Amino acid sequence: MDFLIKTLGAIATIIVAFIVGMLYMGINRKITARVQNRVGPPVWQNYIDALKLVSKKTSVHHGVMQHLAPAFLMISSMGTLLFIPILRGQSWFPNLSYHGDLIFILYFMVLGSLGMALGAGQTGNPNAAIGITRGLSQMVGFEIPWVMALVAMMIQYHTTSISDLMAIQQQHGWLMFQNPLAFLAAILAMLGMFRYSPFDIVGAPAELASGPISEFGGKYLGLMMSSGSIFAFTKLTLYVDLFMGGASNIVVLLIETFTLYLIPMLYGLVSPRYRTEQAIRYFWGWPTVLGLAALVYSVVI
Amino acid sequence: MVGSPVQLIAIPLFAAFLIPLLGKAWKELVRITPGVVILYLLYLSVDLLNYTIEHGRVVEVIAGWTPPWGIDLVFSPFSGFLATLMLFMGLLVWIYSYRYQTFEDYDDYEPTLKYYLLLMMMITASVGVVLTGDIFNLFVFIEILGITAYGLTAYYRHRDGAEASFKYLFIGSLSSTFLLLAIMIIYSQLGTLNMADIAVKAHELKPVYKITALVLFLVAFGIEAEMFPLNGWAPDAYSQAPAPVGAAFAGIVVKAGLYTVIRLIYTLFEVGGTYEYLIVMGLITMFFAEFAAFSQTKLKRMLAYSSIGQMGLVLVAFGIGKEEGVYAALFLMFNHAIIKSLLFMSGSYLVYKSKNKYISELNGVGKMMPVTSFLFALGAFAIVGFPPFAGFWSKLAVLTAAADSGMLLIIALILSISLIEVIYYLRVVNRIYFVKRDTDLGITKPTPQAMFSMLVLGAIILIVGFYPDVITGVLHKASATLLDKGSYINDVLSLSQTIN
Amino acid sequence: MNIIHITLGILLGGAILTYFANKISGVVRDLMFISTIVVAAALFFIKMTPDTVAVFNLGGITLSLGMNHLGLLFSIIILGLAVLAGFYSLPYMKGKDNLGFFYMNYLLSIFGMMGIVMSKDLVSFFIFWEIMTWSSYLIVVYNGNKANKIGIKYILFSALGAYSMLMAIVMVYSQLHSFSIADLSAGFTTMPASYQITIALLLITGFAVKAAMMPLHVWAPDAYSNAPMSYTAMFSGALSKMGVYGLVIVFVTMVSHLPQNFWVRETIAWLGAITAGMATIYAIFQDDAKKLLAYSSVAQLGYIITGVAIGTEISMIAALMLSIVHGMFKANFFMVVGAVERQAGTTDLTVLTGLIRKMPWTFFSALMSAIALAGIPPLVGYVGKWMLYESLISNGNYILVIVIFFASTAGFLYVFKILYSIFLGQEEPEFENVKEAPALMVIPMVIIALLLGFFGAFPGYLLKYIDNALVVMGYPVSQGKWWEMTTLFNAWGNKVSTDLIMYTTITVFVTIAIVLFYRWKNGRYVSTKDISLSGEMPKEDENYSFKLDFYKPFERAISPLLRYKISKYYNEFADGMEAFFDWTRRIYNGNAQTYAIYVITFLVILLLIANNIFTV
Amino acid sequence: MSLGSNLDLLTVTFYGTAIALILIGLYAALVKRSLIKILIGLSIVDSGINLLLVSIGYLKGGTAPIFSPAVIDKNPAMVDPVPQALVLTAIVIGFAVTAVALALVIRLYRHHKTVNIDEIKNLKW
């Protein structure tokens, strides 16, 4: 019985994540259109797209790795989601949030990219492979400040568990104020994480014809879209949990996550694309400095 | 005890001069006689060695003139061990050179005759050097050794043997000059030639005479012991002499040379600073020899230089003094005799057909003569001191001895030298086994008897490597004897009381 | 006559017999070889009890062999890999020449390694160490490719390490007059301080060479990639761990007593981290699968060294865990490359492409090893890394964490590169009729791959042995404090439940897979040439796989780091030495008269200074 | 009998000549380029040494060391027999060495068509 409830809870979490993520995507498209002085698709357009893609009958594939790539993606998006506390105090579907800690999540988030990379690699499309190599290189770039920020917080509060960090923020207030440097570094890393312009070098519609996903269609693309949106929600939630003390209820969660989501989105709207090495150098510039400063700060304090 | 040490000298001398006559009777006797004689002598000296290890040293007086007047032969575990080693190596060398092809190249059997005659004389002289207790007698034996060695070095007409031999002779006669001068000083001051007697009276010498004599001795013996910078002749002699003679040089002649130095420093003179002198000179010798060996392009020269380097190590070990040091040094001498002879024997067959004996001509020979190559590789592994082969134990002994004396720098130097050794030996092994054959040189299969003696050496390397105790006992005894100067003097001089 | 004699006896005898069996026939040789390993391993694991002892007396030195849990842990790695790689190498080596020689050295090196983990005194340790070294050396040069360059580099560095070890050994002896390791750890503190630090550093040098720690690693990439893959699996998997084994002992029994404790630890830890970082970067830019894996091995060993050097409880667990796991996945990876080499005929990543459909099982095990190597959950590779990070963070080595994290993140790059270049990308007509490797090669790989998964869910099965080993080394029992059968804890009590991770992963994966396979009929396979390359379709003869300059942008980004290559300095030093040697031998100028003049000069000089050096 | 005991003109001449011979010989051996001259130098050194040896054992007015009844009962001073024995041996050895050396020189001359030691350097380094 207990197990059943847990499972239902997990599924509910995933569904919520899916809906919210898709919604954010839609809003993103809308805002982008408005900025570019277009009308743009309706906010719910993404749901329609996803439905359409999944319900497509035919789908060609180039082999088992490509066939399974969406599954790998789902593992990291859903899995990570399940290991992150959605709401503070765990009144609401604790899921597995007590069974994994930050470092674990750092690594778990990569599994999807790896599976995706292999799947895209098998398609034999050169653009896909190029996109992947760019993506991985960029990841090496932004992981550094990101990890620095996290380590800074870990050593500041002597815990690697997200729930503990949330609890601590109840007493001391939000970490984004407790260790602003770490927060800044993390935010800058987030820009790379979301792969919006100027860091959209993976997809790079103009030169790579949307890169890795270029050979994926039908239910593959549908699943990848949904997993992408879930993943977006997951990351945002993680940030909220880490720096904004988590949310007490779903509304606050939405507000906070959306606020965070605006950062990469708006930053992307106004900036052209970097070249890969520029992107890497960017992340190893100020973000890393901030991260180091955060480390020092948290050691000193 | 079946015979007296005198036989070790007398019989082979007699036999050596008998060989030509026997040859007249039946040519084959020329080849057979030396072997038989050496075999008997080996049996004799092993027996004597066992006896002395139990009952202490045997001092034999020649022609009734007791020391300090007469000439005496001292067969102690130390000198006995060396004599036995020499005779054993002599036997193997004889087996190896029995019907050695290039000897048969000459139509007449004259060269063969000379070869065996000289070989006999050389072994005799070396044994004599080790056994004699009289310093002038030592000089005589050294001269015999020298002359025979010159002859054997120049054995091949078609090679540069004559040149090498001349260098050897030139330096060698300088050595004998100094030796004679030194002996003269000693005699003029102490009026005796007997080593034990000299050792007793040494303190009566005026410092100036003592030092001068010592220096003359050191240089004279240093030449025999291939000490740098006195060893210019050595690599040429080694590389130009026939293969068995090269093995004999490494296994027999050098040992005699070393013995003289050791006897001088350990028994003859109580002079401070000689041990340090040994260590320093040993290290220098080692360094220059190994450097030279590293950049050799000819196999036998490389082996020669490496042999010199080993001698340097032995000197260092002797210089460490104490019982461990001497033990290590003797162990090194033993290993060097065994391994280096094996290397010379097998190596010269590997480059048999080649004119210049370039190392590069060894490429891929391992496929063509597996056993010989294997033996060479075994020797190489053993001499760089890889366990579980013989070389390792002696190296360990040296280092332990050095460490006990707190000579860390010396340990470091020895080990860094070993690094060089490892490189150039394994380069050769690589060429033998792992580089494609690129010369069209043919090969010559070793004769069965050559193969036999090589296999014996290889077996010894493995046995000593896996179970060193077969040799360590006698080594310990020998080193103890060498260090016990008092009993040496006592045993020798007591005879004069006992007889008259 | 106990199990120690038996195991070593079987291995040594088997080695020699295998060599001579080669003269009879190939089949006999193979049987001899494999049965030797299997029998030795079986007897060992059945019979071995941690208190067995065997004593020999050689040359007045007491050699004593025994077994404790630390040794047991490493012998599990050695023999486990030996069995798998042994079976693997039968088909892999088929048809190569002088196999008797190869298999003899193969067994000899196993013999050496087993001897090392059994040694209770320094001399036997050294003996077995050298046996291992030269036997592995003979295998490195076995295929004769650049023997005098690669082989000499390997043996030179090994000898350097071995001799510094030997020097330490004799120093110990001169102080304690005993070679026993127990006496050493007992009497270490009684030695003079200068001896303590010297001995410790010399030993560390000796082991660091085998563990390929910078700057002593330059031999490793060539040696690893030059040996036959079926041996490199052992070489990188087990043999390099002997260095780790030694380091563990040195750090626990000696360094912890040094006054300079902290600095030694930090230095070595940093060297390890830098090794990891640089080796990873170089691995990324390799275009040969063997070289890539070789560098990656160096990098992985870097983590392990760091863990050992830090030497806290959890970091030790991490290091040993990483050792085992690295043994597994790296051996597996080398086997994969070997299989590819055997089937497709090359290991050049710019040539190979699209083998996944030809060699699915090989790909599967490669994928599993890759995930483990990258340290991604849920496979076991992640456990060790997690613990390493936790230990570093809780120990206050914050910058170190970042460096190591950078290394392991950059690790993804080469992991993807090797997987993609070999198995993915467009299929090439030239590899049209490549078949899957024979069963004997595939089965060991798949076994390891599955084990990686299993231990990922239940790391406790490995941690149990590690725990015993560390208890032997004097650490407190760590079960319940740092780990349970399926749970890991860090210093602050945060936990990770490995089994739940595994279950979640599987659940999600299976669910989605079902969704995907739903109406699978409609999804039809099209060739990798059939791609939407801006409308056009590549012809059969043209291959659009992305191969060259794989990580060019990354290379540009980190170009400053690539400027320094340590091997350059080594080469310059070597050339200098050779020139010097060649110069010194000019002393022997061949002129007899010059030699005579040397003699006279020497005599005169000696006469002049005699009064100063000789004291009557 | 110490070296300083009976120093008179004769002894001094002996010693002086001997040492002079040795030095001359060494000079020839080390400076001359011809093998033959080198050998001559070496044998000069030999004879110098021999002279030195004899002159040590020499006792002024001593008779030859032969035991005949006439000598024994008068019991006069005898010269020391040992050095003479040594010298005899040394001379023989020196002779042998010289013989071998000359043989070698002939061989070398056949081989190199010269006796200049500077041109006989096939074996070096």
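Chains: A, B, C and D, in written order; residue numbering restarts at 1 for each.
Rule of thumb we're sticking to: a contact is a pair of C-beta atoms (placed from the backbone, for glycine too) under 8 Å apart; a residue touches a chain by one contact, two chains touch by 3 or more.
The model shown is predicted, which means the values in this text are computed figures rather than measured ones.
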- line: Heading the list of chain pairs by contact pairs is A-C
- prompt: Going by the average position of its CA atoms, which chain sits the greatest distance from chain A?
  reply: D
- prompt: What is the distance in Å between the mean C-alpha positions of chain A and chain D?
  reply: 102
Message: As a quick test, compute the distance in whole Å between the mean CA positions of chain A and chain C.
response: 36
Intercentroid distance (Cα basis), chain C paired with chain B, Å: 45
- request: Just give me the whole-number Å value for how far the CA centre of chain A lies from that of chain B.
  value: 80
- line: Check: chain B positions touching at least 2 other chains come out as 166-167, 170, 174, 235-236, 292
- prompt: Can you list the residues of chain D that touch 2 or more other chains?
  reply: 29, 38, 120, 122-123, 125
- request: Could you list which residues of chain A touch at least two other chains?
  value: none
Task: Determine the shape of the graph in which chains are vertices and touching pairs are edges (line, ring, star, complete, other).
output: other
Task: Report the complete set of touching chain pairs.
output: A-C, B-C, B-D, C-D
- line: Interface with chain B, chain C side, in the complex: residues 57-61, 123, 126-127, 130-131, 134, 137, 141-144, 147-148, 151-152, 155-156, 159-160, 163-164, 166-167, 170-171, 173-174, 198, 578, 580-582, 584-585, 587-588, 590, 592-596, 598-600, 602-603, 606-607, 610-611, 613-616
Query: Along chain B, where are the residues that touch chain D in the complex?
result: 136, 140, 143, 146-147, 150-151, 154, 157, 160, 162-167, 169-170, 173-174, 176-177, 180-181, 183-184, 187-189, 191, 193, 235-236, 239-240, 292
- prompt: Where on chain C does chain D make contact in their complex?
  reply: 585-586, 588-593, 596-597, 600
Message: Could you list, by residue number, the parts of chain A that touch chain C in their complex?
response: 57-65, 67-68, 70-72, 74-75, 78-79, 82-83, 96, 98-101, 103-104, 107-108, 110-111, 113-114, 117-118, 121-127, 129-130, 132-134, 136-137, 139-141, 143-144, 147-148, 151, 154-155, 158-161, 164, 209, 214-215, 219-220, 223, 275-277, 280-281, 284, 295, 299
Query: Can you name the residues of chain D that touch chain C in the complex?
result: 26, 29-30, 33, 38, 117-118, 120-125
